[in-house]
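There's a structure below that I have some questions on.
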Amino acid sequence: MSGSERKIVFPGEQIRGYGSYAPGEGVIKQGDKLTSCLFGILSVSRREVSVIPYKEVYRPKKGDVVVGVVVGYGNSGWFVDIGSYTKAFLHVSEVIKGRFDSRNVELSDHLKIGDVIIAKVTDVPRIGYFQITIKGKDLGKVTGDAYFIKVNPVKLRRIIGRRGSMINLIKDHIGGEIILGKNGVIVYKDGYESFQKLKNIINLISEKTFASGLTAHVAELLSKGSGRDERGKRQ
Amino acid sequence: MIAVRELRRATLMDMLRVKEAKKLIRDNRRANGRGFLEYREITIKTNVIEKAYGSAYVSIGDTIAIAGIHFDVGTPFPDSPNEGILISEGEVLPTASFYVEPGPPTEEEIELSRIVDRGIRSSGMIDLSKMVVVPGEKVLKLFIDFNILNDDGNLVDAASLAAVAALLTTKYPNPEEVIDINNAQELSRVKRIPLPVRDVPITVTTAVVEGRYLVDPCLPEEAAADAILTITHTRNDEVCAMQLLTGELDYNQFFDILDIALEKSREIRRMLLSQVGWSDD
Amino acid sequence: MSGESGSSGYVRRDGRRPDELRPFSIRTGVFRNADGSAEIKLGGNWIVVAVYGPREHFPKSQLSQDKAILNCRYHMAPYSTSERKSPKPSRREIELSKVIKTALERAILLDQYPEMCIDVYIEVLQAAGSTRVASITAASVALADAGIPMRDMVVGCSVGKVDGQIVLDISEEEDKEGEADLPIAIMPNLRKIVLLQMDGKMTHDEIKRAFELALKGAMQLHEEQIRALMRRIEEMGELKR
């Protein structure tokens, strides 16, 4: 994301020059005028104008992979906090494989309050909790030692980088498994020292999101002998 | 009052009345053939509560307000030793509508009280220096209490009119005879003289609905309004209180409503004074 | 513009010209935990605002299924005024909470978050006159900082009549001793009034002149709102080496 043609917009500001475009996220159409309703950066793509917010509360979309924490038991499933403006609901049928007798299910045998899960969003109703599942590849309870970093979901774009340039750079230098949840939670499985390095890099990207030359700076920091994990090779 | 505007738990009849109001306005009409700049029927009766020093019952359409005036003795505020004390408070009673429950005052009730208070206080209607018994030590306290008994919209105008009508017909204890009086009970036996009044502030509430200006909005019109602005004028055509109750206004809408409110305030004042038996002095 | 308000050479109690604002500054991102936050200093006023939300709300019975509800609390600290003020909300604080909430509701796109609530907490740490308009100006910045979608920013400014002169941004002293006080708040791009009150006595002509002056003051404060938000982006664009 280069710095030069970046246009910062504010709530209420009219967006000129894209009259025929459709309003995307963060943009509303009032009459024939396009207006920004967020503080952030203007983003234009094909036929749509949207605003990338400078900060946001995570809004799930169907298909997002998120990291959540089980916070309660319901009648037929679990309530999960995914750091959004409301909770998610995980139905038993999206957890238990094969056939089961719903009368005999003890929810806490499968997932307990406090368990961390990697889930996929299956439904985002207008009212009520989001629906999620942990049936699928790479989904399920997070087991073993894991560390967590929470960033504002808007930062993920920068953490991933154009065509994965930033995240691949990070993965090359810091071993271990790194999982990025669309809700801004990063799961890291490996040693404590590597985790600290990762955390520092992630915090830097979060705080200096709009700096030009950020990728190069991160590359520099990583290769200054601080990027290798204890085992000296990446997973 | 405002709960209905939100229509969260609105009753069927109220929701239908709102739909009807909007449709009527689009057809250039109001319910009951009322003009856009016309008030509903106003009834004013004063001295309706014997035990109070002054009182008034006002109805504007189906909205009913009662105001009662009481006095007590007290010490003046330290920064105004030669002024009596004026306290106004009002409540929307649970009798007023489906949505009102007994309890501590709501934001809207507090706002209503303070708007009524501002109109009376800022207009200088009551000369607080005529309420001093012993300068710096003892003054009269004037309590204006009002209640809304039925809410069909425009509580501000009804409450203000009731308060002002009550004050215009209040007789108060002659301060010269209050020197040895120390409590409200003794005070009630002191000889009373007419309360000197220097102005007659009149509040006019205007709603903007579907871009049109409506004075004296009834309840469904309030619920349908894009904005509601209340303005109080003195006898000299000065504004002494304003409050945007809800909504948003174009700049020119604000100026238009100022003119409308002035015009109506003169009419209402004439009507009030003739009802109460005063000439427009 | 005619020099009516500023022409006479009238000097105010604090040395200002009639059309002069007190020194002001706005900062955003002042509280880590809040979803959005801002601070405003205007003359002796020091006011902070924190925004939490959108988030779940209890009791559920108060929720709306078609839009978020906005809670707004305007509160003055006991040490904010020259005489200690009880921490319990006064009737004035309750009224101001209501008028500020009513104004912000016009700007926020509440229907994007049905059944949720947005909490705006305004704390006046030091009061020096015109606190409600300063508060709403900071609240708008805090809401933008929190990423809450709005039709427009909201910015407020007060005008008054002191010694017969129409003046901008009244101080505490001017509020006490002046003849009238008119706080307003607008949505600057949409050109709509969302907060309007008046206490005192003014003719129609004075009100119109005062209003024009208030708009000028509000636009200056709006520019500072934008600067405060821009500074955040700038801070995020500087790499220290």
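Think of it as A, B and C in the order they're written, each chain with its own count starting at 1.
Following the convention adopted for this analysis, contacts are C-beta pairs under 8 Å (C-beta built on N, C-alpha and C of every residue); 3 or more make two chains touch, one makes a residue touch a chain.
No experiment lies behind these values; they were computed from the predicted model shown.
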Work out the mean Cα position per chain and let me know which chain is farthest from chain A.
-> B
The chain whose mean C-alpha position lies nearest the overall protein Cα centroid is chain C
The distance between the C-alpha centres of chain B and chain C, rounded to whole Å, is 28
When the C-alpha atoms of chain A and chain C are each averaged to a single point, how far apart are the two points in Å?
-> 34
Length of the line joining the C-alpha centres of chain A and chain B, rounded to whole Å = 55
For chain C, residue numbers touching 2 or more other chains are 187, 190
Using the touch rule from the top, collect the residues of chain C that touch chain A in their complex.
-> 35-36, 53-56, 65, 107, 109, 113-116, 144-147, 149-153, 187-190, 226, 229-230, 232-233, 235-239
Could you please specify the touching residues of chain C with respect to chain B in the complex?
-> 64, 91-92, 94-95, 97-99, 102, 106, 180, 182, 187, 190-204, 207-208, 211, 215
What does chain B use to touch chain C in their complex?
-> 6, 8, 105, 107-108, 110-111, 113-114, 118, 122-124, 229, 234, 237-251, 254-255, 258-259, 262
Name, in rising order, each residue of chain A that touches chain C in their complex.
-> 3, 8, 10-14, 26, 28, 30, 35, 37-40, 53-57, 85-87, 126-128, 154, 207-214, 217
